[in-house]
Amino acid sequence: MRPDLRLSVRDVARRVAREVPDGAYVNLGIGLPTLVADCLGDDREVVFHSENGILGMGPAPAPGEEDPELVNAGKQPVTLLPGGAFFHHTDAFLMMRGGHLDLTVLGAFQVSETGDLANWATGDASHPPAVGGAMDLAVGARRVLVMTTHTTRGGEPKLLPRCTYPLTAAGVVDRVYTDLAVLDVTGEGFLVREMVAGLTRDDLQGATAARLSFADDVTELVPGERE
Amino acid sequence: MRPDLRLSVRDVARRVAREVPDGAYVNLGIGLPTLVADCLGDDREVVFHSENGILGMGPAPAPGEEDPELVNAGKQPVTLLPGGAFFHHTDAFLMMRGGHLDLTVLGAFQVSETGDLANWATGDASHPPAVGGAMDLAVGARRVLVMTTHTTRGGEPKLLPRCTYPLTAAGVVDRVYTDLAVLDVTGEGFLVREMVAGLTRDDLQGATAARLSFADDVTELVPGERE
Amino acid sequence: MIDKRVATVADAVEGIEDGATVLVGGFGASGVPVQLVHALLDRGSTDLTVVTNNAGSGETDVAALLRERRVRKIVCSYPRSAGSVWFEERWRAGEVELELVPQGTLSERMRAAAAGLGGFFTPTGADTRLAEGKEVRVIDGRRHVFEEPLRGDVALVKAARADRWGNLVYRTAARNFGPTMVAAAALSVVEVDEFVELGELDPETIVTPGIFVDRVVRVGAA
Amino acid sequence: MIDKRVATVADAVEGIEDGATVLVGGFGASGVPVQLVHALLDRGSTDLTVVTNNAGSGETDVAALLRERRVRKIVCSYPRSAGSVWFEERWRAGEVELELVPQGTLSERMRAAAAGLGGFFTPTGADTRLAEGKEVRVIDGRRHVFEEPLRGDVALVKAARADRWGNLVYRTAARNFGPTMVAAAALSVVEVDEFVELGELDPETIVTPGIFVDRVVRVGAA
């Protein structure tokens, strides 16, 4: 795919940020999804949740002002906004599993056309497995958005008829945001809602192992400035 | 039974109080068992638990100083001692059911020789049933002591081969303190440990429907001043 | 901007439908959201399933709902008290259904709903008539009863202070069922004595984070 | 008189047997009871089952236990991090068994033990390889996995302040697994930065009531 026909990571984060309603309770997965917080703008009040017992998580502290105990799920130093609260792990996961989060944004290795998510293991037996809170978030948040590249670095498709990697959860993904398109998971598989301007439907299908269908009103995604 | 061959309620409470170890976490059931708190003396520090979310419950407040929200399980005004804590109902019952209380003292309609307890319903269908926290306490406390009269007001025995009233819990009672005796529940039924001075074994068996056995070293209970 | 404060108790109970399952906080007279229950009465909501530890007393709150025949079913642990005359009247007449649940199981079932769990095994109630018809399983040599989550359409709860995000602190033993109930209902409504500014509640000491709360209304100190 | 304060970390870990199941608080480096884990190392306890969210990092705490071959089995959700070299070394050599548990299930299983429950059904992990061999039940149209309580012989936890009854408050996100772990173990040991007088902690804001705590030791601020 030509580079000008791809969104940057920041573009995708910006697109996802538009999906976050004012006042929402949100958990951003480790890695790429954390970029979404930086793209929200000041007009929206969003309450970020962290699995280690934080609501109202704020941005990274100024250098030198880090508190080693006050970290996010990725163990990076964070701050707490006015109105934030601390609670214990079991309550943090009660919130996640119990449907109290309005949405989560997760990374993915693979997503299937029935909404199965694989984002914790590749089946590589030479590394110890590690799951963290991925399964709890995937089953529990009211809306599960996936933010990922459309293909692997090696060009392999990530949107598949069925996942080949171990599942995180079955049938949970609502929508996928990639560097090429925005796709809903529907009863009839992936439905393309938005795609990068200039990209053809054949291009997109060619980068996707699952069969795509297209909305009547597919809108264009326009890449922003290069990073 | 001659009145001088019976302990007063206060005598029984005093006897039970001797069984409460220093530093114990204790829940006293509604009614007679609450008298035990008054009999502890100042030399022991005992932490009283209430099912509505209190640890470190203190005595009744001075008249006029009642706080309508700060009540015990019987909805009577209480106080909080230094070191006390408030928590929610679900945590209060986690403590009860999870074996965190060292002991509970409960009233009883009937106790069986296998330690079954009936203390919540008489099967009278003209009154609505009500159970409260009785079942949780009975299954959860590490030691379940029963404090009761040996017979009903009508002279019917309360210590039976099997309970005829609806059960609170099966096989949970460790020891029974009555106005006539102190009895352990053992694998072979009720074992009399202590009995009122002057009472014969036949007297006691006559007031008991379950078959009694007697410890080698049955000690005497001496009634205190009459009330 | 997030602002869960509403102006009146009528606003606070807006949208509660007939037939709703309503979780009502309180233990005896401690921590009962009296103003919200009366607002629900004024709203006219009926055919309710009320989940609450006791069944009201005298002429106020849940007792008033029972008197006015708004309650189809009550789920509670201890419906009988000196003043529970309206419950007893309606129950004897067969006008209200009673589901009696051990108190710890009542709160644990609501917590299971809050926590997204499908149910749990508890030793409480095993071998008693309250386990009749329920699945029994021997775990670790002990008989356990399977209990299902208990979810509310609405929770009505009393707290001491709230901020605009709906963070709550309670007062002494009035806390009781509140934190569990607000987490177990689709719509959670809280009456408080006082509103405070965002950030005024110490984040270490917030008992109920606002994520569980939809509306807060100030009713003044009792 | 109740006094759960002990003088040294060695006193604090006294009596912990070889073969014990030890719950160790902390999330990454936040809230890890470093001094207690090192006291356990010094004590020489071995053949341990360690339940903890991560598997240690660098050369301290759980990583040191692994390095010194004191750990037979580790139960955790995320054993892999940049610095988890000792875990990876021991795991690759087949010297330590790993039971991988989703993080929420890990804390919920410990809570079930604390709460005297026999287990629960959770949707987490259904249809994944972490549910292999586990009972599955469809509840409300959704597949759930049965999970068992997870009990500790010992819990090692870090808090901020304690009084002589063992009441605890924590600091920011260092709270994490602490309140659940101290409630889920037969012997609960807590290192704190500070002792306070009985009554000095506000009863409304105590996070862990002393009923769950057996020993507290002051180790000074980190």
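A, B, C and D label the chains in the order they appear, each numbered from 1.
Everything below uses one rule, namely that a residue touches a chain if its C-beta (ideal position, glycine included) is under 8 Å from a C-beta of that chain, and two chains touch if they have at least 3 such contacts.
Remember, it's a predicted structure, so these values are computed and weren't measured experimentally.
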Problem set entry | Lowest number of touching-chain links that must be crossed from subunit A to subunit B | 2
Exercise. Among the remaining chains, which ones contact both subunit C and subunit D?
Worked result: A, B
Exercise. How many Å are there between the centre of subunit A and the centre of subunit C, using C-alpha atoms for each centre?
Worked result: 35
Problem set entry | Rounded Å distance, subunit A centre to subunit D centre (Cα mean) | 30
Problem set entry | Junction residues of subunit A - those touching two or more other chains | 80, 86-87, 93, 97, 139-140
Seminar exercise, completed: In subunit C, the residues touching two or more other chains are 108, 111, 115-117, 122-123, 170-172, 203-204, 207
Problem set entry | Pairs of chains satisfying the touch condition | A-C, A-D, B-C, B-D, C-D
Exercise. So in the complex, which bits of subunit C are touching subunit D?
Worked result: 108, 112, 115-123, 137, 139-140, 142, 144, 169-172, 202-205, 207
Problem set entry | subunit B to subunit D touching residues, read off their complex | 22-23, 25, 45, 47, 49, 55-56, 80, 82-87, 93-95, 97-101, 139-140
For this session: Under the touch definition given earlier, write down the residues of subunit A that touch subunit D in their complex.
Result: 50-54, 67-71, 75, 80, 86-90, 93, 96-97, 116, 121, 126-136, 139-140, 166-170
Exercise. Where on subunit C is subunit A touching in the complex?
Worked result: 1-2, 111, 113-117, 163-165, 167, 183, 198-199, 201, 203-204, 206, 209-212
Seminar exercise, completed: Seen from subunit C, its contact residues with subunit B in the complex are 27-31, 53, 77-81, 87-88, 91-92, 98, 100-105, 107-108, 110-111, 122-130, 143, 170-180, 207, 222
